[in-house]
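Shared chain: chain A. Partners: chain B in the first complex, chain C in the second.
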Partner chain A sequence: MEMESKYSISCNQGIAKVELCGRLDATNAPALQDELKKLAGQSISSLVFLAKDLEYISSAGLRAIIFAKQKIGVDTQVYLIGAQATVLNVVKMSGLDTFMTIQDNL
Partner chain B sequence: MAKIVMAAKIENLRPMLNFISDMSRQLGFSKENINEIEIACEEPLVNVINYAYPDKKGDIEVSCNIIEDNGLEIQIGDSGQPFDPIAKVDPDIHAPLQERKIGGLGIYMMKNIMDKSEYKRDGDKNVLTLIKYIGEKDKSKGGSAAGEESFSWPLEYMKRETFKKGDILFKKGDAAEKMYYIKSGALRLTELNLVVGSGQVIGEMGIFSPYKERTASAVCEEDLEAYSMGKDEVIRFFRQDPAMAISLTQLSIKRFIENLKKETEARERLASELRIAHDIQNSMLPRIFPPFPDRKEFEIYAMMDAAKEVGGDFYDFFFVDKDKLCVIIGDVSGKGVPAALFMAISKTLFKTEAMRGLLPNETIENVNNLLCVDNQMCMFVTIFCLVLDTRTGQVVYSNGGHNPPLVCSYKACFDFVKGPSGLVVGAMEGAKAECGNIKLEPNDFIFLYTDGVTEAMNSKRELFTEERLQSALCKLRDQEITQVVQNMRQELFNYVQDAPQSDDITMVVLKYKGDGDVAKG
Partner chain C sequence: MLRVDLSPTHTHGEYKLRVGKPLPFGATIVPGGVNFSIYSRHATSCELVLFEKRAPKPCAIIPFPDEFRIGNVFSMIVFDLDFENIDYGFRIDGPFNPEAGQRFDKTRILMDPYAKVIGGRDVWGQAPDWDDIYQHRARICFDDFDWDDDHPLEVPVEDLIIYEMHVRGFTKHPSSGVKYPGTFAAIREKIPYLKKLGVNCVELMPIHEFDEFENSRLSPVDGRLLVNYWGYSNVGFFAPKAGFAATGKFGMQVDEVKALVKELHKNGIEVILDVVFNHTAEGNERGPYISYRGIDNKIYYILTPEGYYFNFSGCGNTLNCNNPIVRNMILDCLRYWAADYHVDGFRFDLASILGRDQYGAPMHSPPLLETLAFDPILGKCKLIAEAWDAGGLYQVGSFPAWGRWAEWNGKYRDDLRRFIQGETGMVGVMSQRLQGSPDLYGWLGRGACASVNFVTCHDGFTLMDFVSYNGKHNEANGENNSDGGNDNYSWNCGWEGESTDPAVNKLRAKQIKNAAALLLVSQGTPMILSGDEFGNTQWGNNNAYCQDNEISWLDWDLLNKNKELFEFFRKMVNFRKVHPALRSRTHFQNKDYMGSGYADITWHGTKAWNADWSATSRTLAFMLCGKHAKEGKAKDCSIYVAMNMHWDMHGFELPKLLKGMLWYVAVNTDAPSPQDIWDVGEEKKLGNQGEFLVGPRSVVILTGK
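What follows is the complex of A and B.
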C-alpha cells in the first residue's frame, strides 16, 4: 500500500522543478538535500515543489526544503503545488507557509 | 498493547513508524491524526538512531498502549547516552551553522502534535512517553481514576446532602470524617486546582488514611447533590458486602498511586531541570586548565563544588589588559536556585566592570550600586577581587566581606591577608571599598577560597576552621598548584567523612612565577 518514495529534479531557464512522491522522511531527505545543494549557484529564480503524490513529509523533509531556500538564494521564490491536506497541515504547523507560495495548480 | 524492539538503524525507521501507525489505526485515529502521530514520532526515533549510541550499536524499543479508553501512549526507549529531547532546544548539534536554527523543528512539531510529551531517565534507559487522545480530551476529568463510573455506589448506606454553588464542603486541615460520592454538580479542590464532577468520589482518603485531616479544601463550583458516608457506615457496608469493600479499597488505592505517580513525575521533572541548570552554571566558570598556556609568568587553578545541584559560589579570571590579570572569587548568600541566579548576575557584572580596567575597589563599588537596585530579596555577595601585574608581581586587591585569602611566600608559610575588608556587595547603596597591596615574589602564591572550606562540617557539626586550613596548606606548599587544590579537597573529604556537604566549596590558587626572564632563570 505504501508508495515507493522518489523524487526527480529538472531545471529549465532558472526554474527548478522538484517532483516529490510517496514519503519524504529522515531516510531519504538527506539525499534530496544533497541534490538540491547542486542547484546553488545556478541562478535559480523559482524553486517549485510538485507535491501532488507526496503522502508524508516529516520535519526532516521540511528541513530539506528550508535548507534549499537558504542555500539556493534569498531571492528564490519557493512554490508548493498541489499538496494534499495532510502535507499542507504539516507545512502550516511548522510555519513554512510564510515563505512558500502554496497553489493547487501550476 | 504491543511492543517492538529493533536495532537503532535508519533502515528500521519506516518499519517502526508503520508499527505506530498500525496501532493508531486500530485505535480509531483519523488519517490526518495518524499522519501527525508518525511525524511526531519520527524526530525522536531519528534522534535515537543518530545520537544515542556513539558506536551505532543498540536497540530502540517502541511500545504502544491504550490509556484512559481514548488515548494512545507511545513509549520510545533506548539504553544509550542520557538525552532529554524535550529539554534540548536544538538537538541537531552536529548540523552546520546555517541549519542549526531549524534543528529544533521536529521536536517543536512533536510537542505541538502530541497531547503530552515527557522524558524520563529510567535507570540506564531513556524513555520518551508521547500521548495522543482521540478527539478533545475531557479536561474536567482531571487525572481521576478510570473505572469509577463502573463502580455502583451503595446509596442505601449513604446520606444524601445538597449544597449550593459557593458552599464549602470542607477546608484543608479539617478533620476528615466522611467521604462523598457526587451525584450531580461539580466542586473544586482549591489547593489541587482540580474540578471533580458527577460520578466521582472525594474524601475517601479521610476514611482509609491514618492521617485524618483534609489535604485540600472543597468548594462547590455548581449546585451539588452528593451522598456521604462516614467511617461507621463504611465499616457496616464492608461487613455486608465484602466484594464491594474490595472494590472501594482498590479505588482508593488506585487514586493514591495516581497521586503519588503525579508527584513523582513532578519531582523528576524538577530534578531534570536542576541537572540542566547545574550544567549551565558549571559552564559559566572557566574550567580549562591551564587557561593561558602561553603565559609563563603565572599559574592558576580553580575548582567549584556545589553542595546542591546549583550553588552560589563562583570564580573567574581574565586579562584586563595585556599584563594585568584579574582574579575574582565570590560567594552569594544562600544556596540553591536563588543563589545561582544571583551568582549569574553578580559574576557578569563583576567581569563587565573589571574589564573596564578599574581598580578592584572601584569595581566592587560599582557592582554594589548596580546590585542594590531592585534587590528586593536582600541577597548579597561576598567578593575578593585582585589584579595581578604579571610583569612585577604587584597585586592590588579589594575585599567585599569575603574570607581573607592566604598568601604563601616561598620562604615563609601561608598567612592570611591582613589588609582592609569592606562591606558585602549588594547590601547597602553607596558603600565604599578600599584597596590593599601585596607584592608577590616568584613562586609565591595566593590561595583564595569560600567559606565552604573553613566551615565544612563533620558529623559532630564541628567546623574545619581557618586554623586547620592554614596548617593543611603549609604542608602542601611545595606541591604543584593543581595538587594543592586537589589535596586540599581530599583533606576536606577526610574531615567531613560521611556528613553531607553543607555549603558550596570553591578554591582558586594563583602562583606567580615572575616575568619571562625570571621564569626562565
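What follows is the complex of A and C.
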C-alpha cells in the first residue's frame, strides 16, 4: 500500500526539522516550499530533512529543498537524513547533492 | 490575489484556457498554468495534444481557437496542468502538396521544435515501443537550477586547451571505474583526471536529443547492433539527450547537465558544445515525421524546385538556416544554451551549410553567421566552425568570420601529419601552421586563434591508430570498409595493427609525442582528442560513428599501460600553460619591436639563422623571443623548437642567446622516458651550448633563460 504523502515541520533552537513521507513531487512540493518560506528570518542554523519514509522525490521536490535553503539563509546547513537508496541515487546522479550534507542518521 | 490577466477565459472539456503570449515559443510555465506557442506559416489549423507521461493515447486534444492565433503563431495558456507528468505535442493541418514543398499531415503528432525536455529515449539503448504514435515527446522544463555565482569562464581563447570527448564513450567502458558509466554525471567523477591532465576546456560531441536507433541495423560482421552513436542528427535543438543522463529515467537530465557545467566551471574548465544545425533526424521524404516536416516543411528545409530535399549534409535533408524563421530558431537555441546552461562556446558541425541560402547557393555574407558573430548574448562565446560541408564547400581560411569565428584548421591536421612522417616539401607549410597559419588567417583581423589546431578528432583515426595503420579498417561498420575518409596521411611505423615488436612500438610512441609536442607549441588554439593521451585505439576504425562498444569506448586500462604517453601529454600541456610566448592572440610580426635584439620569431635549421626551405628538407627549427611574449605584454624565456623528420640524426647549431642566458632542454622525444620531457623548473642545462644532436624523427624543445 502506498504511503500517504505528507510532511511535518518543527522548529527548536535554530534547528528546523522536516519529516518527509511518501512522495515529494510537483503536487505537494510547492506547498512545502511555502511552509518553509515562513521560516525565513527566524535564524535557522540547520534545516534537517528526515527522509527515511520518503519513497520518491522528483526534481520539483529536490528544488523545494534547495530553494528553502536559499530563502531561509545562505549560511543555513541543509541535511538529508536516512534517505532511501532510490532517493539518494537521484540526488547524487543529478549533482544536486553538492547543496546538502547527507547522513544515515542524526 | 488572483490576477485578471492570469485567469481563464475559455474552457475545453475539463481544461481551462486563456489566449497565450506568442513569445517565447515553446512551453513556458506561467503562474497557474503553461503557455504554449508554436509558429507555422502555412498551417490552416493547430491542436495541442496532451498525454499523461508515456501513455500510449492522448488524454486531451485541445484545438487552438482561431482568436488565439496572431499572424502565423498559435498560442494558448492551459491552466492547472500537472506539468511534471505530461507529454505535449501538436497536430497541424495544412496542404499536402510535395511539389510545392507542403507535407502537412494532421494525423501525426508533432514535437515542439522548442522542446526543452524530450522523452521517448529516456534510457540509452532501451528499445522503444515502435507502435507508439508519438515517439519523441516534448515535455515541460523547470527553470530554477541554483547556479550560485557560476557564470561562463571567459578564458581568453589563446589560453584554451580543448579536449574533445563523446559523453557516453568517455566513461562507458568498465575500466573507467565510475559509478554511472556513460553519463554526464560520470564526467563529473572524472574532473580530477581532467585537472591532472591540465586541459581547461571540454568540447562535448552532440548532447542534444537524438535517436540512437536511427539507422540502427545488425552488423554483418558480428551481429551486434550498430546504432547512431555519435549523435550528429537532431531530434530537438533545445533539449539535452536523456539517454546520456544517469537521471534520464527520472527526467532530470537538465539538472544533470547544469550540475556538470557548474562543477566543470568550479574547476576552471570551460564547456563547448558541438551543435548540429545542418540537418535534422527526419531524413528525406522517406524519413519519419518528428516535428519540422509536419509543422512547416517549406520553411525548415532547403527544397529542390520539385519539392525534394537537398542533401548538402549527406544525411538526407538540409536545414534552411538562412530563412529568417529558422535563423531565429538557431539564435534562440544558442542564446538558450549560453544563458540557461552557462555554456562557454559552440562548435558548428558542417558549418558551411550555415552559409548557404534558401536555394542552397553559398552566400558572400550569410545573415545567420553575421547575426551569430554580433549577437549580444553570445558576445563572449567561442564560435568555432567546421568550415566545410558534404556538398562541396571547403572554406578553411575563408569562412565568413567578422573577426569572431574560429575554424577547425583541417590544413593543420593534414600538413602536420605529412610533416612528421617525413614527407618532403612540407617545411614551408609547417612554418605557417606553427605560427597560427597567417597564410589562412592573417587578414581581416582574424588572428592566430582563428585557427583551432588539431591532429586528431572524432572523425578519423585516433592518434595511436594514426601511427599504427596505413589504411582504415571499418569492416565492423558493415559497409565493406567503403565508409570513412581515405586521406588519413597515416603511417604504421612498419607493421599494420597491434605489434609486439619493441622497435615498432618505440617509434609509435615517439611519433605520438612528436605530434603532441608540435601541437602544443603551435600558435592558435590546440584541440586534443580524448584518449589520445593514453594511446586509446579503435583498432583502425576511422569512422566509428555507429560503434557503441569497446571500439569507441575509451579503455582506461591503457592509462596504466601507456603511462609514459600520459605523462608526456600532461607535462607538455603544462609547458604550454607556463609559457605565454606560445599563446599569442595575434600573428607574429617577424621583427624585433621590443628592442631585445631578436625578432619575435626566427627560423633556423641545422644551421642557426638559416632554415633549409628546399623541397627535400625534412629539418626545421624556430626560436621565440621571450621578450615578445603576447606582444611584449608578458614575460617569458626564449623557446627553441627543433624538428628532425629525417630518419638520420642531425646536429642543429643553436642560435646564440644574450650574454648570461643559457639553453636548457625541456623536451627530447628521442630520449627514453622519463628523460623525454622535464617538468617546468627541472629542465636540464645543456653542456654544449652551441649544438644539439637531434635524433631521427624527433622533436627537441629548449628554453633559454
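By our rule, the second predicted complex is superposed on the first by the 106 of 106 C-alpha atoms of A that agree within 3 Å, B and C clash if a C-alpha of one lies under 4 Å from a C-alpha of the other, contacts with A are read in each partner's own complex, and residues count from 1 in each chain.
Convention: a contact is a pair of C-beta atoms (placed from the backbone, for glycine too) under 8 Å apart; a residue touches a chain by one contact, two chains touch by 3 or more.
Since we're looking at a predicted model, the values are computed, not measured.
In the superposed model, A:26 makes contact with both chain B and chain C.
After overlaying the two complexes on the shared chain, residue contacts for A:60 are found with chain B and with chain C alike. When the two structures are aligned on the shared chain, A:85 is found in touch with chain B, with no touch to chain C. Once chain A of one complex is fitted onto chain A of the other, the partner contacts of A:70 extend to both chain B and chain C. Counting contacts as defined above, chain A residues 25-27, 58-60, 62-63, 66-67, 70, 90, 93-94 meet chain B in one complex and chain C in the other.
Note for the complex: chain C touches chain A at residues 82-85, 142, 144, 146, 179-180, 183, 185, 188, 245-247, 250-252, 255-256, 258-260, 262-263. Contact residues on chain A toward chain B in their complex (touch as defined above): 2, 23, 25-27, 56-60, 62-63, 66-67, 70-71, 85-86, 89-90, 93-94. Here chain A touches chain C in the complex through residues 25-27, 58-60, 62-63, 66-67, 70, 90, 92-96, 98-99, going by the rule given at the top.
Those residues of chain B that touch chain A in the shared complex are 10-11, 13-14, 17-18, 31-32, 35-36, 38-39, 42-43, 45-46, 49, 98-99, 102, 105-106, 108-109, 112-113.
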